[in-house]
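Look at the two complexes coming up: chain A is in both, with chain B in one and chain C in the other.
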Partner chain A sequence: MDSRIGNLYPSSKFTFIILIILLSMLVPGFIFQYMIFLFIFLISLFSGTAIKFLSTFMKSIPILILFIFIFQVFLIVNEDSQQIWAFIHFSQIGLMTSLTMTSKIVAISSSIIWFFQVTRVKDIIYALEQSGVSQKVTFVIASTIQLIPQMLNLSRTIADAQKSRGIETEGTLFVRMKAFIPMIGPLVLSSIQQIEERVLALESRAFSSKAKKTSIYELRKQKIDYIIVIFCILVLIVYIVWRIKL
Partner chain B sequence: MSIISLININYTYPLEEKQTIHSLSLDLEKGCVYGLTGANESGKTTICNIIRGFIPELYKGELTGEVMIKGKNINDYNIGDLATIIGYSFQNPFTQLSGVKDTVYEEIAYGMENIGVPRSKMIQKVDEIVKMFQLEDLIDKNPFELSGGQKQRVAIASVVALDPEIIILDEPTSQLDPKSTEDIFEIIQLLKKQGKTILLVEHKVDLLAAYCDEILLISRGELVMQGPVKEILSNPKVVEYGGQLPQVALYFIKKAKANGSSVSQVPLTVQEVYDHLNKDGEV
Partner chain C sequence: MKRGIKHDFSLLALLLIPVGVSLNVVGYQLSTILKLPVFIDQIGTIMVSMIAGPWIGLLAGLLGNVVNGMLNPIAIGFSIVSVSVGLVSGYFSKWRFYTNIFGIIIACVLLTIVQAFSAAIVTVFLFGGVTGAGTDLITATFLATGRELWNSVVSTNLISGAVNTIINFGISWLIIRKVPDRFLIKLNYGAPYIKKEVNVNG
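After this line comes the complex of A and B, so read on.
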């Protein structure tokens, strides 16, 4: 995140992501979209997040792609479907559809993964606040992101406490599910109690003060940020004009 | 004029039949440190919540009587803006972090951001607070990754950063080791020197004896004793009301009673014991 790309203003990176998403949707076929994936990987190399990017991408997207591929190519019956065995068919149209569909998913998801890996949450929050988004909205976003790990810690503590009282929490899926149910009560109740205390804590820090908020954290737009935004808008306009003329 | 006045306060929590606070009146003077003590469930935290305005603003229930802050009725203040007059640090360090800041430095500045303090002034104040609370090693850490004691220090620091005239500390040392406890009391003394009025809820009466000007003893929602430390913490009645006397005082109270002398002059702190024994030529 401390790379040159990571230090760009969030809205510049976001404009770039919007451009990628729009182009992925507008450009026909699938080659351009798969090229975008390679391009994003290249940028993540420059951002210093290549390994993290590949790891996150490989953990989530291939399963989805495989699922779509199997469905489109072998299960959905098209005009050109040829039976292989029982309900399994092969379709050339299905293959093309799956490639087009998955290429868009790959392009869009990779760009979103990259964005969140090179943009600090506090940068996003700062940019949102500067663009006039209500402090209450940004608070909800920031606290949700910060509190998820706390909830996980709390659930781990409850699980440990239950384990120490003899409840089996490890083993088969059924055992894990059985252990999960008694955990929900304490987890939900203590979370509700914590919310109440947190409201008081926020009030003691003048959360509902009517004053205009300031920020100790500062993020400034550089010349390059303006260049990126203008470049993205120009690329989109040129592409749309070119498509209309065709 | 008292900085805080509670006039005939009665309060019952929602869905409860029994009153938590009854007929409570008290006046707190500017620049003094008040030790609020009493048994568990006696109503100490409820009194703090009433003074801060959380009751009835956030906790509903039935509240009668008047709360005056700096001569003005508390209802005339905006609850958010009251944070700049009354700082409040809670007992549980795990829930008093804002939950939206990822460094201790920014956490301390959070309150100032909310009241619109200019950035340059904020930086200056945070640096001052970091030094005061000796948080230099923690400023870049995520507040959620700190230990209970460290979180407590950060929480108190964040409240003090707002520079309130009144500071309520509800069992601030409950999660702290003896050294950190001493540090917090040193800070309390420093805040007192700055002219702050401090209401300190605490069970550690030995420390209350050493640092407070007055003791308020609460029992079952009533203010049963109020007065200078020497007068209250040498009075055996404190124990009858569910309070505690300083460990060092117990021996001397017993001795004074055996001699038939007054208990009001018994030493309450280690230093006073030393001075007392020194005077008698026993050390």
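After this line comes the complex of A and C, so read on.
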């Protein structure tokens, strides 16, 4: 994240992935979209997140793609389907559909993964605030991202405490279902208590005041940020003009 | 008490959103720890929409999927499902469906239908009938018996959605029963769940 790409202003990176998403939806075929995956992988090599990128990508996308191929090619009956065995067919149309569909999924999801890996949440929130989004919205986003790991830790503590008091967490399905309430109940009640305290703390620091607030954290747009945004807009315009002329 | 999109976003209600989102995550984790066959990952959305109204429920659903999407971009595609669940369940709470048994049954049925159809639209149009989860096996079985894609996806989602809705709703209802009255009274939609008789206008 401390690389050159990681230090760019969030909105310039956002413009870039919007360009990629638009292009991968507009360009026909599937080769361009699969090339985007390689391209994003190269960029993440430069931003020093290649290993993280690949492991996140591999966790969710390949299984989905595999299922799409199985469904579209072998299971769904199209006009040109040829029976292979019992309910398994082979269809050329299905193959083409799944290629275009998966290529778009690969391109869009890899660009989203890359964006969140090279952009700090702090930066995104700062950029949102600067672009005029209400402070209430940015506060909710920031505290959600902070609260999730805290709640996960707390839930582990509660689960251990309840186990030591004799709640059964193994056995038949019904026994395991019953264990759910004593584990999640105390979590909700304690977090509701915390909310009340937090409201008081925030209000005593003038959170609801309409006055303009300053930020101790600062992020400045550099020259390269403007260049990237202009470049992205130019590429899109050139592509659209070229398609219309064709 | 005034309600509506302008009045629902009190500070207390806004602070409920992060709790709702984290509850979804914790519920998902707990259901994997307890090795349950269904994923209980909508408790937070349903609970928040019940006591803080449709708009807060909508936001909690959306934010939950966007946060999940940071690690698994497929979740962003499915945000429409939790958004509609939050919105619809919030309106049921506004119309006091959740105070009697018949209302609860009707609400659960309608929620299941909403969830199933919104999920089916996303699954078919964005992912060709696939979700990448275990329920795909049910869809595959339906497809193998010669049904069409739409038919199979909707049937799968109706089955899994019914189980999910009942469990998610049941747990959030049980939790809300235990939330103290002095907290419920501060929320715009909390009044129906207060245990003692209180006079509230609106």
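Here is the rule we use: the second predicted complex is superposed on the first by the 233 of 246 C-alpha atoms of A that agree within 3 Å, B and C clash if a C-alpha of one lies under 4 Å from a C-alpha of the other, contacts with A are read in each partner's own complex, and residues count from 1 in each chain.
Assume a residue touches a chain if its C-beta (ideal position, glycine included) is under 8 Å from a C-beta of that chain, and two chains touch if they have at least 3 such contacts.
Everything quoted here is computed from the prediction, not taken from an experiment.
Of the two partner chains, neither chain B nor chain C is touched by A:Tyr226. Legend: residue contacts after superposition of the two complexes on their common chain; A:Val77 is shown touching chain C, with no touch to chain B. Once chain A of one complex is fitted onto chain A of the other, the partner contacts of A:Lys212 are limited to chain B, with no touch recorded for chain C. In the superposition on chain A, contact is made by A:Leu173 with chain C only, not with chain B. Touched residues of chain A were counted for both chain B and chain C, and C has more of them.
Within the superposed three-chain model, A:Ile184 lies in touch with chain C and out of touch with chain B [touch as defined at top]. Residue contacts after overlaying the shared chain place A:Thr97 against chain C, while chain B stays out of touching range. Of the two partner chains, chain C is the only one touched by A:Ala159; chain B is not. By the touch criterion stated above, A:Glu203 is placed in contact with chain B and with chain C alike. Of the two partner chains placed around the shared chain by superposition, chain B and chain C are both touched by A:Ser143. Overlap of the chain B and chain C interfaces on chain A: residues 139, 143, 146-147, 150, 198-199, 202-203, 207-208. On chain C, the positions that touch chain A within their shared complex are 9, 11-12, 14-19, 21-23, 25-27, 29-31, 33-37, 40, 43, 47, 59, 63, 67, 69-74, 76, 126-132, 136, 139-140, 143-146, 149, 167, 171, 174-175, 178-180, 183. Within the complex formed with chain B, the residues of chain A that make contact are 121-122, 125, 139, 142-143, 146-147, 149-150, 194, 197-218. Interface residues of chain B facing chain A in the complex, by the touch rule stated above, are 49, 52, 54, 58, 78-81, 83-84, 87-90, 92, 94-102, 105-106, 109-119, 122-123, 126, 144, 155, 158-159, 162.
On chain A, the positions that touch chain C within their shared complex are 56, 59-61, 63-64, 67-68, 70-72, 75-77, 87, 97-98, 101, 105, 108-109, 112-113, 116, 136, 139-141, 143-148, 150-152, 155, 159, 169, 173, 176-177, 179-181, 183-185, 187-189, 191-192, 195-196, 198-199, 202-203, 207-208.
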